[in-house]
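My questions will all concern the structure given below.
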Amino acid sequence: MRNDSRQPNELRDVTITTNVNKHAEGSVLIQFGDTKVICTASVEERVPPFMKGQGKGWVTAEYSMLPRATHARNQREANRGKLSGRTMEIQRLIGRALRSVVNLQALGERTITLDCDVIQADGGTRTTSITGAFVALCLAVEHIAKSHPFQVYPINDYLASVSVGIIEGTPMLDLNYVEDSSAKVDMNVVMTGSGKFVEVQGTGEEAPFSRTELQELLDLAEHGIQQLIAAQKQALGAASEHIRGE
Amino acid sequence: MRNDSRQPNELRDVTITTNVNKHAEGSVLIQFGDTKVICTASVEERVPPFMKGQGKGWVTAEYSMLPRATHARNQREANRGKLSGRTMEIQRLIGRALRSVVNLQALGERTITLDCDVIQADGGTRTTSITGAFVALCLAVEHIAKSHPFQVYPINDYLASVSVGIIEGTPMLDLNYVEDSSAKVDMNVVMTGSGKFVEVQGTGEEAPFSRTELQELLDLAEHGIQQLIAAQKQALGAASEHIRGE
Amino acid sequence: MRNDSRQPNELRDVTITTNVNKHAEGSVLIQFGDTKVICTASVEERVPPFMKGQGKGWVTAEYSMLPRATHARNQREANRGKLSGRTMEIQRLIGRALRSVVNLQALGERTITLDCDVIQADGGTRTTSITGAFVALCLAVEHIAKSHPFQVYPINDYLASVSVGIIEGTPMLDLNYVEDSSAKVDMNVVMTGSGKFVEVQGTGEEAPFSRTELQELLDLAEHGIQQLIAAQKQALGAASEHIRGE
Amino acid sequence: MRNDSRQPNELRDVTITTNVNKHAEGSVLIQFGDTKVICTASVEERVPPFMKGQGKGWVTAEYSMLPRATHARNQREANRGKLSGRTMEIQRLIGRALRSVVNLQALGERTITLDCDVIQADGGTRTTSITGAFVALCLAVEHIAKSHPFQVYPINDYLASVSVGIIEGTPMLDLNYVEDSSAKVDMNVVMTGSGKFVEVQGTGEEAPFSRTELQELLDLAEHGIQQLIAAQKQALGAASEHIRGE
Amino acid sequence: MRNDSRQPNELRDVTITTNVNKHAEGSVLIQFGDTKVICTASVEERVPPFMKGQGKGWVTAEYSMLPRATHARNQREANRGKLSGRTMEIQRLIGRALRSVVNLQALGERTITLDCDVIQADGGTRTTSITGAFVALCLAVEHIAKSHPFQVYPINDYLASVSVGIIEGTPMLDLNYVEDSSAKVDMNVVMTGSGKFVEVQGTGEEAPFSRTELQELLDLAEHGIQQLIAAQKQALGAASEHIRGE
Amino acid sequence: MRNDSRQPNELRDVTITTNVNKHAEGSVLIQFGDTKVICTASVEERVPPFMKGQGKGWVTAEYSMLPRATHARNQREANRGKLSGRTMEIQRLIGRALRSVVNLQALGERTITLDCDVIQADGGTRTTSITGAFVALCLAVEHIAKSHPFQVYPINDYLASVSVGIIEGTPMLDLNYVEDSSAKVDMNVVMTGSGKFVEVQGTGEEAPFSRTELQELLDLAEHGIQQLIAAQKQALGAASEHIRGE
């Protein structure tokens, strides 16, 4: 039995509240249990220097945790004067994952920046961020579409992410902080609405894992991601209409 | 008439929601109209190097804005690698103001750090932060008191802050962003529950002000701060009992 | 009696020596007792990016202390790799105060940078800097005027600054370092030649202050600033002719 | 046919030259085709602060590329004043992978730092680094063992890494730079001598991949890693005797 | 007798291997005994901002040591976030020395950057770097000449460098690390093929030196540099033909 | 004829004013013509970590220029967040030169930091700094001696520095800024009172120089340094008594 009474293949309660920020072109507050992340999407009518003149857009992400999002307070990265390796790794992952379902050509010469700020952390902040950022991204694309209709809709498919891991020999879905700390194998999976993998990042620092264990973890992840995509569709409502997906 | 239909001497709607963070010893979400700040108080059983061996505690504050708290997205200070002058000025002000009502001797060798993170900005983020941080501080002190009762209660008085300014010749209370941008004189006032001044910071960069104007602004501020302290008391409920104040 | 035998309402000896730097367009060495600051004004025929294309000029300031300006040696900020909050707060204040008496439109698309470098510190370095920087600024404007006469003279009024504080219950003018360390209330005031306030920054971190005390401090400051402006006029000599002021 | 005439399931020429540095406790020059990395292992008889007092050792890694390791010259990270996200991600991966086969308890209170400096890059620098760093680590452990024999040998198993990817629909092993640039799916796999996974990092930024494709890639990686471990054993010679593995 | 059995006026074994990097326009691995440096020359068809519009080229250098180039491991400068004074001093010296024999006008609007990365250090890394970088520079100039023949050849003369010092009263040539540590006087000399001085940097921190001692050191340096230039010519082979020199 | 009417072998007017700072243990304002440097010596009763437990003291130096010390204003290094290579090179030189005449054993476990701040620059700021810093150092040693008499006096000899260079074929002494800019060969020499060399740093970036030219430059430097040491003795007065020197 898990410490929060879930079944091994059960997600935590997921809630997605849209339009929580009056300035941003898209915004959500997403919760996976006690993990809470504010995701905002900001649209700028220009692209970064390395993308100039290609007629394409860009989607990027930044990730941060409030100092007291965690059990003990963390020093702000702005005070240390640099981002930690963990932060950079996570925000590179979020951006890469989102771009996998965006048609940058169709987006046009615009940048959409997804800011994922963790208000409270209880495990799975990167998977929660990806899942929420996708919704904020869709809202921002809808916002652009109102004034500048797209010929080809720039979102190709749904996208969500969940963590899985092996705890005392049992594969489990959507680990909370206590579980994450005791898992010997830890994997983050990002999938599309059509059931393809975008990212598979499994690590067995404390105990290497077999091909069979890998299969079980991927099954669990697929099961969870389908439910997350259903929650995204509900949160998006009419804004989900133009997304092809499955 | 003000752009949000308020009278010149009228505050915006103020709401203070306590215990919004499951990890922090004290926490609030405070709103002055559309300005929203999460304030958390973190207690550590040690003091910074410069306070060691004095038998006294320390209270300090940090301030930050989420990138999309503002109308246009701001670059993160963690990315720029340093805090702006504005941020440092504000967090020094918040810390100094809070310490004015804390008996550091009575607090004992502990540090309480107040993190004020602006989720959405619409003017007055520093005054909102001080007013909210005071409540989070009180909750943290109550939290300590449960396990380590104080002989002398370390909070001496209530503390709140509001902005005032002169717009087209009229002194006004609690400026929102649009008003702040058009004010020729701008003043932030921090006062105690007993009606004394802790900070008076008035600036007339665009139009120097007379002694008479200064008096009118201080009257308005005092009027607003009394109401803010009433709101703090209500939010604190029983936790406000041990604060002497007036 | 004060530790340097002054009356409570008495300034320290003030001397302003002009043209102490052969390269700068304007320069002074200003002394408030043992506090000595070199202020240079540097003129550049361009404005910072955020001011471009507005047909207006810009006035800004930087502040620093030599490592051994103080009793114990301080680490250089260049070695720490960043400016302290105190330095940023002071240089923002100096720049803002000076701009309050400059007609940026009349100045034309130029930047004047005031560098205030504290050679020796004994309290009141920010007020000494503002008072000296104003004189250096006037000299630089005169320097420009020789080759490019102004249609409207860009200096609107005189500007000086002094500190005041309450020590053992007595309000006192122009605190030296020892006094500053023991003052419970500390206030810096910047005023124009016509007697209006540009900045009022009062802080009662160790003891909040009443409205009556505030009035007494402002009276003292006004008394001191009138004398400082007289010293500025004498230092400027003929260069003071074009300044309207009172 | 691949651009260097290899079969899809064929590694590049791999050479591992040991003891290339007279100062380091362990060192190798490893080449995967034109990718050349110097790996040195440095032993220090202390552990980092977060590991103190646990009676365990630590293994960590740093990664860097010489500026002209690549086709066009790259700016040094020391000049930019910070590590890129890519560098941090890679060096975190190398350290984590190596630790998975080290018994930190058995190692004792020592730190072994693996420096992986890419002298020339042609794709696969992170997998080359892991494969070479494992050999340098073994040499350093043997070096310690000469003067301080271990009761339990601290290396549990062999460890090597290879990249795989899908190019124009064909899964391929050990991508060089040209192949890496055109791969739609890219995966780095780290495995032990006993055939378990330590890291699986697959990304389909440009084209999500199916479960079937994932299986094919893992098969290829396993095939390549077995050959790399054979090359490691040959390079280590007698120094490989104490490693359990398989 | 020296610790490596050399005569006082004897160089260590010098080897210069050319074209060790497949990407760089010029490259060498140079060894002075156990000191090994990779020097690459990178050509860019542009000049830095301060050289723009002058119709001239630029030659600059960067220097670094791998962390374990030295007996004990050194922290990477990229991790400390800044270059040490020693590194900056050395790379400024290398660049300045190389420019003394380059006709920047004849080079045309190009930048050649010499990267000197010390793979293993045993004293004399800066003199080894200068001597090797000169060869890499010549190779890069030849590389340019193949596609863009020069009207005036941009290399004026040969250039090499060696260290000399006084150890227990005896002047010695080309100090290794152990000798360098015990030398009371230490001098680095850079000379041209025609026997003129480009840099003379002598320091007697532990024991000031007389004019006579200075003469003896310069004699030794001249003797060594002639041999180094002979080694450069041999390494360059046909590529040395266009260099005037002597 | 030189642009300031001096003979080739003539120093600029040199003035050394002692005790210009009321806080520092030793201080001077030194002028070589229009080059003005404030040198302060600060004594701390501890040594840096790398010197701990050796029973010896340490002498170090820092160098900086006020932003408007130069003809055009320079950006502060504190704003750029790091020291330039030039600054580091100069302050390393000053420290090394001063230590050459200090008996660190005799000094005891103390650090003396020499801060050389250039108030106005007109060429030769590093030689002026060394010459002035030596005097400030002597004053600080005398200051220590008053309360803690030394058994062995820690200053071994006098020390001064001057620049020399070749302009249009003529060797010249003590170059001002205009001369420095047009010199093809530039040399800084540091010598002791007993006529020995501590540092010889000659550079012929624009024109290599012969052995004969080197001799002429050293003669000129020796001639100038003897006069500078005479000026130091006069400035030190009675404080010069304990220095052995010549």
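Observations, loosely collected:
Should a chain be cited, it is by its letter among A, B, C, D, E and F, assigned in written order, with residues numbered from 1 in that chain.
Everything below uses one rule, namely that a contact is a pair of C-beta atoms (placed from the backbone, for glycine too) under 8 Å apart; a residue touches a chain by one contact, two chains touch by 3 or more.
From a predicted model like this one, the values you see are computed outputs, not experimental measurements.
Steps from subunit A to subunit D, taking the shortest chain of touch contacts, total 1.
Look at the contact of subunit A with subunit B and you find the same residues on each copy: over half of the numbers used there are shared. The mean-CA centres of subunit A and subunit F are about 60 angstrom from one another, to the nearest whole unit.
Subunit A and subunit E, compared by their mean Cα positions, are separated by 51 Å.
Between the CA-based centres of subunit C and subunit F the separation comes to 34 Å, rounded to the whole angstrom. Contact of a single residue of subunit D with at least two other chains is seen at positions 81-83.
Beginning with subunit B and heading toward subunit C, the contact ring passes through the chains as B, C, F, E, D, A. Contact residues on subunit A toward subunit B in their complex (touch as defined above): 21-24, 27, 34, 38, 40, 42, 44, 62, 64, 66-71, 73, 76-79, 81-83, 87, 113, 115, 117, 119-120.
On the subunit E side of its complex with subunit F, the touching residues are 82-86, 88-89, 91-92, 96-97, 99-100, 157, 187, 191-192, 194, 196-211, 214, 218.
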